[in-house]
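Here the structure comes first, spelled out in structure tokens, and everything after it is commentary.
So that you can tell them apart, the chains are marked A, B, C and D in the order they are listed, and the count of residues begins at 1 in each.
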Amino acid sequence: MNSPRLIDADALIAALQRFADERDWQPFHTPRNLMLALTGEVGELAEIFQWLTDDEAARLADDPARYTHLQEEIADVLLYLVRLASVMQVDLNQAVADKLVKNAIKYPAPVAKAET
Amino acid sequence: MNSPRLIDADALIAALQRFADERDWQPFHTPRNLMLALTGEVGELAEIFQWLTDDEAARLADDPARYTHLQEEIADVLLYLVRLASVMQVDLNQAVADKLVKNAIKYPAPVAKAET
Amino acid sequence: MNSPRLIDADALIAALQRFADERDWQPFHTPRNLMLALTGEVGELAEIFQWLTDDEAARLADDPARYTHLQEEIADVLLYLVRLASVMQVDLNQAVADKLVKNAIKYPAPVAKAET
Amino acid sequence: MNSPRLIDADALIAALQRFADERDWQPFHTPRNLMLALTGEVGELAEIFQWLTDDEAARLADDPARYTHLQEEIADVLLYLVRLASVMQVDLNQAVADKLVKNAIKYPAPVAKAET
């Protein structure tokens, strides 16, 4: 029995590939270009939080316009990250599975906690 | 009939939640903290590409050690982005689906291309 | 009579140029490479603040080791930013002078405040 | 005899302090807020370079509108970096001077080069 995948972005990867193909954007989607575009989107995401208190950030969903903006910027970061992984042929599920194992070794759970 | 989801990160979201719970990390996983941690990981990803030519970047998989490092840094960015979306209760699949529709309107595919 | 310069980085610009020349680093100091290197350093600076409360961040100087680390990361960001401006032949003093004027128009000071 | 300062931003630091004071912005200029704002501006700077070839990036000055935009984004990054250093009471000149010494030890100049 296979364990379920932690993340499955296959349909998104295919959609982004088709989107780029239809617009002849492949020449622009080099790893370094995508890295810079990812940086740009992370900047836009950071701007949402820059002047907020922790309380205001946690209650962002109360403001529909800002919450929609948050959703869009999270999506933009995710789209470029998935596209970068795709052109570099990085398997996202394998990458996060390996990293979670590494993190679990680096930061062991307290025994009492782990036993409950 | 539902269309398949573009991205399904439910198992990853649950794993990250459990990982944080077991270590009592919830108080640290505020939106702004996660945003800064995401920025840190994006910086580490950018470092991989900073002195490479486009050709060297495209052939990074030829160097197993560096490719493993790339996989780890992509994973780290993804982990913090998914965790940020989770604490903000943003539905990643809905967010990217909405954004792809918006992008398709903003950047229409050339007619000839779209018809093929 | 000339107004004093807001910022004078001439000696630093020259030092960075000499440093790169002595190591034959000019071919690596392309604008896009420097932009990625700047992103990397901003990530390292963000890491310092990621798990701190506002109070802890404000009192960082109380911890000499961490404060030295902060100074180094601020320096790294500044070095790459000044180097990027240098290779793009952007006059930093003129750029910030123009931007302050623009900001003053965009965010006018309250009248009562401005009069005091 | 003192060596000249590598960078002198005293007038800029004072101008930014006055600008914030006149608008009662001090409560917003916490280290973490400024860090996020800096990230936002770095993202805007990265966007300028994201789809350019190295040649196009190097010739950006040929396009006055884009070059002005570049100057503004470099200024924005610098303004937030200087402001962050200011609220953290980091001496920029000392920080870069120390870092250049450290870099010179880490990356020694080739002897032949250093002797010329």
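Everything that follows uses one rule, which is that contacts are C-beta pairs under 8 Å (C-beta built on N, C-alpha and C of every residue); 3 or more make two chains touch, one makes a residue touch a chain.
The chain lineup, named per UniProt: A, B, C, D = Nucleotide pyrophosphohydrolase.
Only a predicted model underlies this, so the values are computations on that prediction, with no experimental measurement involved.
J.: Taking all residue numbers at the chain A/chain D interface, are over half used by both copies (same) or under half (different)?
T.: Here the answer is same, because the shared fraction of interface numbers exceeds one half.
J.: Counting a repeat as over half of the contact pairs in common, which of A-D, C-D or A-C repeats B-C?
T.: A-D
J.: Averaging over Cα atoms per chain, report the distance between chain A and chain B in Å.
T.: That pair's centroid distance is 2 Å.
J.: With centres defined as the mean C-alpha position, give me the chain B-chain D separation in Å.
T.: Distance between chain centres: 28 Å.
J.: Which residue numbers or ranges of chain B touch two or more of the other chains?
T.: 32, 35-36, 39, 42, 46, 49
J.: Mind listing the chain B positions that touch chain D in their complex?
T.: Listed in rising order, the residues of chain B that touch chain D are 32, 35-36, 39.
J.: Using the touch definition from the top, list the residues of chain A that touch chain B in their complex.
T.: 4-9, 11-12, 15, 19, 22-24, 30-32, 35, 38-39, 42, 45-46, 49, 52, 54, 57-58, 60-61, 70-72, 74-79, 81-82, 84-85, 88-92, 94-96, 98-100, 102-104, 107, 109-110, 113-114
J.: If we count contacts the way the header does, which residues on chain C are in touch with chain B in the complex?
T.: Counting only chain C, the residues touching chain B are 28, 33, 36-37, 39-44, 46-47, 49-51.
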